[in-house]
Structures are given as C-alpha cells and as structure tokens.
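Below: the structure, in structure tokens.
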Amino acid sequence: MSDTKNDRLVHLVLDKGYVQEVDLLGNDSRAVEAARVSYQQGLKSVDRDRSLIDFLVENGHESPFEHIVFTFRIKAPLFVARQWFRHRIGSFNEISARYSEMSEEFYIPQTSRSQDAVNRQASVVEDAPEKDRLLREVVAEHSRQTYERYRELLSSGVARELARIVLPLNLYTLWYWTVNARSLMNFLSLRADEHAQWEIQQYALAVGAIFKERCPWTFTAYMKYKYAGRLLELLQRECD
Amino acid sequence: MSDTKNDRLVHLVLDKGYVQEVDLLGNDSRAVEAARVSYQQGLKSVDRDRSLIDFLVENGHESPFEHIVFTFRIKAPLFVARQWFRHRIGSFNEISARYSEMSEEFYIPQTSRSQDAVNRQASVVEDAPEKDRLLREVVAEHSRQTYERYRELLSSGVARELARIVLPLNLYTLWYWTVNARSLMNFLSLRADEHAQWEIQQYALAVGAIFKERCPWTFTAYMKYKYAGRLLELLQRECD
Amino acid sequence: MSDTKNDRLVHLVLDKGYVQEVDLLGNDSRAVEAARVSYQQGLKSVDRDRSLIDFLVENGHESPFEHIVFTFRIKAPLFVARQWFRHRIGSFNEISARYSEMSEEFYIPQTSRSQDAVNRQASVVEDAPEKDRLLREVVAEHSRQTYERYRELLSSGVARELARIVLPLNLYTLWYWTVNARSLMNFLSLRADEHAQWEIQQYALAVGAIFKERCPWTFTAYMKYKYAGRLLELLQRECD
Amino acid sequence: MSDTKNDRLVHLVLDKGYVQEVDLLGNDSRAVEAARVSYQQGLKSVDRDRSLIDFLVENGHESPFEHIVFTFRIKAPLFVARQWFRHRIGSFNEISARYSEMSEEFYIPQTSRSQDAVNRQASVVEDAPEKDRLLREVVAEHSRQTYERYRELLSSGVARELARIVLPLNLYTLWYWTVNARSLMNFLSLRADEHAQWEIQQYALAVGAIFKERCPWTFTAYMKYKYAGRLLELLQRECD
C-alpha cells in the first residue's frame, strides 16, 4: 500500500488513485516550540515534550498544530473531490477541464453496497458476487460510452469546458492540497469515520498513515483524546 | 428574469436554475455605521454617507462590508457548483446524493461554443445552428440514458451514494449560500468576468443584480473603483 | 443586567462595558431549513424541527448553523479585545487610536485575585478586602496618571498614533463583531469556560444570553451535547 | 540589518524587536508546480517557469502561492501586534501574560512625529530634536514607572493576568506566525504602505526582505503587477 520515492510517502487508493506527500513544514517538535512561546521556554527533554503534546490535544489547545503544514498531491474520483473541497481551511489547485482534455480514467467499484435500511445516509456491504459483477460492468460500460461521447463532442469542435459536462462523477481528477495539522485532524475526524462514504474513508486512511509517520506524537495524542471513530485504530496498532 | 416573492428577489438562470435571495443582514448604512466606529461618530447626512462608501472602496478598506451578509438559495449544474464552492469565505449547505435520490434535471446548452484558438481556457460563440442542434441532442440524449442507468442501479438495490457516481456534471444541484458583501464582491470580480465560463457568468449576473438592488451605493462604488470586467455594466446602466 | 432598546438586547458588562445586539440574520428555523436542503424537504412540524436541531448538534453537523449570523457592538478593555480578536472566523471593525483621541475610560477591577498555586494560568478569588482596595486604588491612580501623560503628549504635538503607545491594557475600546452561530458556539466553549480569564467570561455570558434569547433550540442543544463548562448553566436554568 | 543563523534569516527591527525566519515550505518552483497541475504538465525550462509566475500574478491567479508557507518568530510592541493579528489568514501563537511574567522591554521611539494636518490617520516627521528628546524621556520614564507598578502588584500577590492590565501598548511581545505567500503579499500591500503606521512598516520591510530572498521570482512579479506602494522599492533595487 505504501511506497517512498525520494523519501516522500505515496499511498495507492482505490483502483487508480493515490495520496502522495509532496512536502512538509514542521513536525511534532515545531508544535512544542510554538506552544512553548507562551511561557518563554525553549525545547525541553523528549519526555516532557511528548507530555506537552498530550496536554495540548487533551485540553483542546489546537493552535500550535497549525504550524505543521503538509502539501499533498491527490488523485481521486470527482465525487470524492467534491466532499474533500468542502474543507475550507486549506489550499487547493486542481486540474482544469477547461484547460486540459481529461484522460480516460474512471473509478470502477469492485463491490456493490446496498442502501442501509435504518441510516438514510449509509450503505452496507453484502455477499452478492452477481450484483458486484453487474455493478462493475454497468459502471465500466457507462464510463466507456460516456468518454466516447466526450471525445466526439471535442472532435466536432465543441469547447472543452462544454464537452466535459457529460462526464460523470466517477471520473478521476488531480489536485494539490496544502493543509495544516489542525485542519488535517478535523478532516480525519469527519472522513476517517464510519458515517463517511467508503471511498473517501480509504483516502482518509492514507492521509492518516502519512500523518502518523511524520508526526507520531501528535497522531497518538489525537487518537487518545480526540478521535471518536474506529477506522484509524489499525494504523494506531501498527504504531505502538 | 427577475421576480419578487414575499419581497424576496428571484432570478431564473439557464434552462432550469435560479438564484433566490433568502435573507439579508445589514445594508449600505450598516457598512457606514461599522466604518464610523473607527472615529466614534454616528451616521451623518446621506450625502456624506455615500461619499464614505466611495472612499472605503476606493482605498481598499473592505472590512466594513463584511457586516453585510446575504443568504441565497441556488440551483445550478454540478460543474457550476464545483467552481462556486472554491470560494472559501462563505457557508454552504447542499443537497446530498447520499441522502436523497436526485431528480431528473439536467442542463441542456442551447448554443455550442468552440475552443478559442488563442486562449487555452476560453470558448467562442459561432453562428452554427446545425452544430447547436447536434450539441443539444447529444447532451439531452446522454442525460436521459444516464438517468435511466442511475434508476436501474437504484432499482437493483445499489446504494444511492454508489449509484450516483454515473451522474454527469450537467446534473442540477441545490444549495444555501451565506456570504458577506466583501466576499460577494470578490466572487463577482472572478465570475462576472470574461475569463469565467459563460454559464457561471449568468449566475454571477443574477447575484450582482440582487446585490445592486439591496446595496446600491456599495454596488456603484464597486463598479467605479474595483470591478475590472465589463459584464456587470449592463446592470450599472439600469442603476443610474 | 439586560435591557432592550428598539427590541435590541443590551447587556452591561464589567464597570463600563457592554455587549449590544445590533442585528441578526436567521434563527433556529433557518438552520433547520438549510439542513433540510440535504434531503429536499421543507419545514416540518415544530416538534420534528426541534429534534433535527438536537440531531445536528449531537452529531457534529455544524454547517447549518453558519446561516445564523449576529452583529454585536462591544465595549471592553484592550486585554479582553486582544483575546477576542484571536477568533478568526468573524468580522471586526474597531475604533482606531490613530484616527481618534481615546476617551478616559479604564477598567478598574473591584476584587483582587491571586495566582493559582497549581494552574499556572489561573487566578483565585480571596476574601481580602484590604488587598481589593489596594488594587482598585493602584489601577485607578495609574490610569489617571497615564491618561494625563497621554494628553500631555498630544498637547505637545505628538501624533495620536505615537502618543497612544503609553496607554495601558485596561483602556476601553469599542468594536463591531459579525459572527455566525457556529463560530459563536466555539467562542462560548473557549471563553465561557473556567480556564478563561474572569473578565472575558463575563462578556461570554452576555453573548450567551443573547444567543439563548434568539436561538433557544440551538442554545439548548449546544448546552446538552457540546458545551463542557459550567458557567452557562445559570442561563440554561432560566431557559427551561 | 540582516543576519543568518543556521541558514535562517533574521532582521532586527526598531530598538529591541526582530523578524526571524523559522522555516519555509515550498518556493517559487512549488507555485509553478501547483499551477501546472491545471494543465497536466510538469516543470519546464527556467525561463518559462518565471514567465508563468509573472502570468499568474498579473492575472490575479493567486491560489498557487498558497502552497508556499513561511513560519516566522516575531518580537514587536503590543500596538504593532494588535495591527498584525487582524490578518486572519494565518496562524499565531503568542506569549501569554497570564502564564508568564512579562520582561521589562519597552519600545522607546527615537523620533517624534506630529499629526498630519490633512490626513486624519497620518503623522509627519519634523526636524525637532528637542521634541524628540522629550518624547523619548517621557516614554522611557513612563515605561519604567509602569513596570515598577506591575512588579509591585505581582509582589503583593495579585495574579499575573490582573497585574498585567496596567502594562502599556509599547511593551514588547513575542509570537510565531505561519502564513502562506498569498496572505503574506496581502500583508505587504497593507503594511508596507505609506498609510500604515511607521513602526509596522519597518516590520513589513523585514518580512518583505525575507520573502524576496526566498521567492525572488514571485517577489519581483508582485512588485511589478500588484504592489501599489513605494516602500518596498528599495528592496527591489537591491534585487535586480
């Protein structure tokens, strides 16, 4: 699942997507340093620094974590991007279908999920191989036909910005995301959560894994005092 | 184009969309009042108030305009929504295709536009009725077939959140937008602009018309000192 | 403590300050309306609306509350203003000591508090009338002398922006604050809290009282599911 | 004025303050890289990269510059800090006078300025050595006496958070500031400007010098297409 290029972490997600770390400002120690400004003391022994991070997270003093900033490069389907871009504390630069012709890359779900009988927002996985196959075939065929239509419109001289309106929400898109650790933790709380759609959960797990790798103390404190879900627990177990 | 229900303004946009004013906090006078706090003086005669607004806009003192806040209800295609939601200073609540089955409402462009030969981002209108007819038919047929596929997936028990991934970017969506006048003016500068896509230009004109109606002094000052485009000039002429 | 002018609420705070409601966008029903967009249903019976607000707050769906926006006019000492302006989701216009000569209005504490022996940030109230009297006299005398010095500098032709640098943190200032209900609740969580300084707690109680009056359902849900302190409980009791 | 410790830039400002670079995420090339995502092309030759930055700044495409993020450590008087903290797009951690006893460090202006006769907000420098001396002495004496009073209150057992309310606006404070290059350029436009107070202009010049050093292409484009003042021109001349 995880690979490192030039010391940069990459996680493959879904059938064609990924979360790639581009760069990082600061780390656990930087948050400690920023918090310590409050009482004019520099860095202390490692043990007390880690305790300070625990203290900050437990008591909701989140501003020191804004001095840790990640830049990611993310490839994901449009319906995932739409959920992601709702997080306003962060910076985005996305491929434009007005400037560029979009590539034929679509997300094809491997497993079907049915509507949850109780929770109007949720879906449940079933053991229904025939239904899975049907879904895969319908979505794959639809994607292929739609892309053909898109190409035809372009060929007939329709502008890119207009031809692209036939493209579906399972089309892959690409963007840069710069986000501080405070906003990133909020993203994890909402998206690495059982109530989020399964697909964005997979992306949130990738973001969480990179965050854990780069800021192990902050991640552990976040898991202990703030995170209310269960999905990230697997990462946590690997961590200790 | 414009209608008033219960004193609330509505502008129809594109073939099935609209911008509807829901509510408003403050007005020109409120911005004056907030600016006057700076030198402990209350409201002055109308003439000097209007001059103060001119002075504020001309000199880039934009914070007093944050105390004017609009709530709109907007119906627009997904590709317009995606451009709109990039404006981070504002509040959004959108219909969820995870909670609700989406209605069969698609944007069908009436006129084709071809790719601009020089500006990679732009499109140009041509007098090509045959091509227009072709585009309308292709998009309409594609929308109809896609919606049928969406319905089939739902019927076969696929969860809403998964079935919707075949839906295209010309599907209509609906949202509430609360935005202050400073951020609204920034929206107009970017979207009521020749470089924006024609479709979102139409929405920006509707937003601009409501803004002009409710805050005529601020609108006029904005047009005079800040707005660099030409689209809003029509509204301006009506105004004086 | 509370008074209404032209149907607008005013709360006097400390010896010379206040929190005055200037205007309001939306209310409990508006949050319901915005949330209901998600599943294309309008307003339901009152009982179910109130339940929806409970559901939203309990489950951390806070975006619908961004469509409720308050404008306040606040008079408070500079050290309180400095804490207040750290809340970045909101709009501020403050009296400028560069434009205007500041009035001779200083906060004189009535009761002394000593440093907490355990919590480095906290203070504790004692029954020490002699010490209280000393503090009052020292602060009052210091304020008087400082203001005299400020006036002398102005009289000798020193620019306002330079003369004001001798003024102390207990000087009163004045500002407009426009804030949505989501950010307001976050303000209450941090400032109507035992860990906040006593003086800003008094302001937070005034803000909380106005919020309770205007959005009783949201306030009650906030108290039940989100607020972790104890100070606002008094308001709550009055409420039920 | 400028010094480098461990490759980190430091600029001394006023009599006891400074702007110190702590860390940096990205650079000119990162902005290019983020912008290039739009049309799926990687880094090109240096000449075309520099042209792209010019194009982005000239046309107001500012989002790519959000992926460049600086962390600074700043020591400045309280009245400068109050102006600085009004910039909401950025992260702050400041020394707390509730946690720590403040040091006896005050800004003593060297030259007096008188109120501008026309511009209500401005001040003008005069050749008035006697008045300069008077101002220095008054502010120095006032600072000394005030600090003594602060110490007395602390000695008599008054809590830090309460004793500090007598401290004046020329007291030095200290904070961490993390800010992206887009917001930093906006800071320069407002604070490296003739209308800003002279003291914060000096800080803005220091921030500008570090920005120029780290992002020379973006700085030059900003100076050419966006900056409307004159103060930064000196840095620019050094640059070319």
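Every chain is named by a letter (A, B, C and D) in the order it is written, and numbering of its residues begins at 1.
By definition in this document, contacts are C-beta pairs under 8 Å (C-beta built on N, C-alpha and C of every residue); 3 or more make two chains touch, one makes a residue touch a chain.
The model shown is predicted, which means the values in this text are computed figures rather than measured ones.
Rounded to a multiple of 5, the C-alpha superposition of chain A onto chain D involves a rotation of 180 degrees. Of the chain pairs B-C, A-D or C-D, the one whose interface repeats that of A-B, sharing more than half of its contact pairs by residue number, is C-D. Separation between the centroids of chain B and chain C, computed from CA atoms only, is 34 Å. Separation between the centroids of chain C and chain D, computed from CA atoms only, is 28 Å.
Residues of chain D in contact with two or more other chains: 39, 92, 96, 99, 120.
Those residues of chain A that touch chain D in the shared complex are 22-26, 30, 33-35, 37-40, 63-64, 66-67, 69, 71, 73, 91-96, 99-100, 174-176, 178, 180. The touching residues of chain D, when paired with chain C in their complex, are 77-79, 82, 85-86, 88, 92, 96, 98-99, 107, 109, 112-116, 120-124, 131, 134-135, 138-139, 142, 146, 149, 152-153, 156-162, 164-170, 197.
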